[in-house]
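One structure follows; several queries about it will come next.
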């Protein structure tokens, strides 16, 4: 099998403006920070981002002005606060937001992953979430239908097939076989629904390691286009079994982004003002800080 | 959590005649032989059996006259030959057979597992498989439909929700958390589509063992009604990591069932003529034979 | 012994809503504390599911949210949304969904999406996440929240998750499950009338005046002639909460 | 060196239909041998998928079927039908499906379900399993089978898996993929006319007479004026087949 290891710079170069990108993060866990930063450094524009529950990765990209459309189920940065950039962009109308629910986004990815162009759901019914989808920019993506077998009311949703899916994993081999530790939220359906899959891995392992527990392979090599090897690539969000979130940095992030005039300052310091992810990690505390948040063997955090 | 360990006798007592049972076997691998035998000993009648790819478990139950309806994707005993009892029952019309494909049965289970009452598929189209479903006893379970989003032609299928799902696994705890080694065919969707789940496990483990690798839990405890602990419970079919199929016994089985007049002889000797699964294992070669087919640590067979 | 706090009455009331053997989809915070309390007392076989894909976790440190690795610890199954919200919640095997709310109205409709400021400007919050899914699909829905007039309006500013919209029956609307059954606040426990589907007062927490609740509720509410008192947590429940379940007062403080 | 056997010509012809980097859903027997040969020669990045839920296995012993643990060995992913047939085949990322057949007719329709005996009695066989799914959904379908008149009828006794039913285009019928592209037998390689969707003769295996093929084919078939010869396996291909891939002649014998 071919070696698919690429630099984040090269991988991101291959993502055109206007792409629909599915992001693998959830709140403050396994966010694709390394790729989000590079998308910002390369000043990508008009991206559509989709995600079941948004995270810091989406908030960063919206804050940097890379995004024109969101297809999401909701979300926050857990106890660190709301996703200020996303919420503000929805308030201002600078981003067109298609607001679903966790399961309805997951079902749309599932349909995309299975190659069925629609899927029924019993969520959304009798809610303003549905009203806004039906009477807003997502009108073409939802329909009402009765089950021909049971006569039950359903909402039909159109499959989601992102152009690119970005997922952060603990372990991958050079061919792209990926294994995820801990809960996997929508990562499998999301990845397999996409036309292209780019993964970021904490650790590169020989294929022999993958073959020791093939039941743990969530994304198989033949679907993967590129593997980016970036330790602490999800920092300051947590990667189970590798490192905890950095609460100090997350607080600093929220302190900045909750004020529109300070978003730029955060981005200038930690993204645009850094050459690459290693440089960013140095600025964020370097080796000493990373060792402090490194996961303990038994607990996984 | 409650202890759900039961004897196969008690578990099978709770399955009424006429039930729809989903069987977890595939050809000559991980068949639910221990439960199939007990269903035969207790002379269950009018069962509906469903399975993506049939195995010896289904063939036995059909051969013993317990079955009135099959909902299946096809299948054989691999190189050991066809499923003689099933094929003969279809030829004679003694069993009503709804013949689908591997994926369409899997999709029907998936819909059942997700609680959606229908699911679209692009298989079956323009085939006599579909004609026979539409113009036979499965007419109420399939419909044609155009996708409202893409205008593509689809077959809609009704969800499958078996009364009971029987799955043979390598490892379970007393509460019912189940882990499967090797490929899982349709076991997860099949189990989760059913109203009741009864599992047979080669080995009972403490919950702590399950907690060491929770990502391997395919069926979680809160869905499981009963756990039957039966080593070599799938014999003479194979259980990856535990034991190989017994080719001598499978040949003996096929030699018997290919002749209608000798089916009874096999059943009398190995099922009705044995008190329980231990007694059957003794008759089939006992400890020495089981040690011969026991899996080697690295290869898993 | 320290005086009983409102949060402790809330989680004890929440725990009492749960039966042994039930399956519950839960969010972090007071709902999760209520479930753990139930599991440690009368409902040891309660199954706790987190939408992210965690079943029956046994954390030893206090997590700050669903994305916190602390909440993954010693789970018996790690899966994902498709399993928890699809193959359990949508499948119809979740008995109880525990939710929080920005606002909940007299028909039990929940808003977690946005509020309108006096200036008319919209302010966005977390949106649905799994909230709409749970409210649409769980057997029973229990809401735990603070009792404030603005959080209990006649009609929510945005109907994110349906209770009984328009006072109509769930079945007529095409919704599954029995919908919201309880609103547990720091002052009282509310239920829903089976005919009108409107919120009614079930009990007042000890020391809370009826007038206080009426003034701090944005909608008109049926009240029984004599309002029962919400039972206090037992000494054993208080001990468990204070010494074992949330000793650092992360949620109860 | 031993004379080249028909099975060896068949698997070499099958291997040559595969491009490097393609994803193939394959059954056991000659199709799998063809894939392994391709992977060992010009297509090292071929991905092999088994419907049961096995990806890129590296068996060291010869398996007797898909349910044989020997075929699970050193795979890079174990999953199930939903992944292989759903998230790969139905998803549209499977380039080639390799099938066997009880019968295949002039429009490439496959029967694996039943045959009618002269007495009129039906005899059932394996049915579809993944066959209909592969034929309906894979990018290209390649069939490997023995060349017998009764196995190549004008119309199959049961249309299990569609090629171009009624000679109609796949698109008009609502089918995905390009349908059957090759029938590789022990005598010849057949293709399909892009206009009429009928089977045509592409090449004869060395030593086979045209008349032999015509007489052993149940339908009338277009034949080119000069029929090319199917290329023989190269010495290296023969060495691999005989010494490494199937030394015990389980499939090639």
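The chains carry the letters A, B, C and D, assigned in the order they are written, with residues numbered from 1 in each.
Throughout what follows, a residue touches a chain if its C-beta (ideal position, glycine included) is under 8 Å from a C-beta of that chain, and two chains touch if they have at least 3 such contacts.
These numbers come from a predicted model, not from an experiment.
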| item | value |
| --- | --- |
| Where chain B and chain D overlap in contact partners, by chain label | A |
| Pair joined by the larger number of C-beta contacts - A-D, A-C | A-C |
| Distance between the centres, which are taken as Cα means, of chain D and chain C, whole angstrom | 58 |
| Gap in Å, rounded to a whole number, between the CA centres of chain B and chain A | 38 |
| Centroid distance [mean C-alpha coordinates] between chain C and chain A, Å | 28 |
| Sites on chain A at which at least two other chains make contact | 115-116, 121-122, 152, 182, 184, 215 |
| In chain D, residues with contacts to at least two other chains | 78-79, 82, 86, 90, 137 |
| Arrangement of touching chains [line / ring / star / complete / other] | other |
| Pairwise chain contacts, counting only pairs that touch as defined | A-B, A-C, A-D, B-C, B-D |
| Residues of chain B that touch chain C when the two form their complex | 1-2, 113-116, 173, 175, 177, 192, 207, 210-211, 214-215, 217, 220-223 |
| Contacting residues of chain B [partner chain A, same complex] | 115-122, 140-141, 143, 145, 147-150, 152, 154, 156, 158-159, 180-182, 184, 215-216 |
| Complex contacts: residues of chain C adjacent to chain A | 28, 50-54, 60-61, 64-70, 72-73, 78-82, 85-86, 89-90, 112-113, 121-133, 136-137, 158-162, 165, 173-176 |
| Chain C-facing residues of chain A, complex | 26-29, 52-53, 55, 72-76, 78-80, 82, 86-88, 90-91, 99-104, 106-107, 110, 121-129, 152-153, 182-189, 237-238, 240-241, 244-245, 295, 299-301 |
| Chain B partner contacts - residues on chain C that touch it in the complex | 21, 23, 44-45, 47, 55-56, 58, 74-79, 82, 86-87, 90-93, 137 |
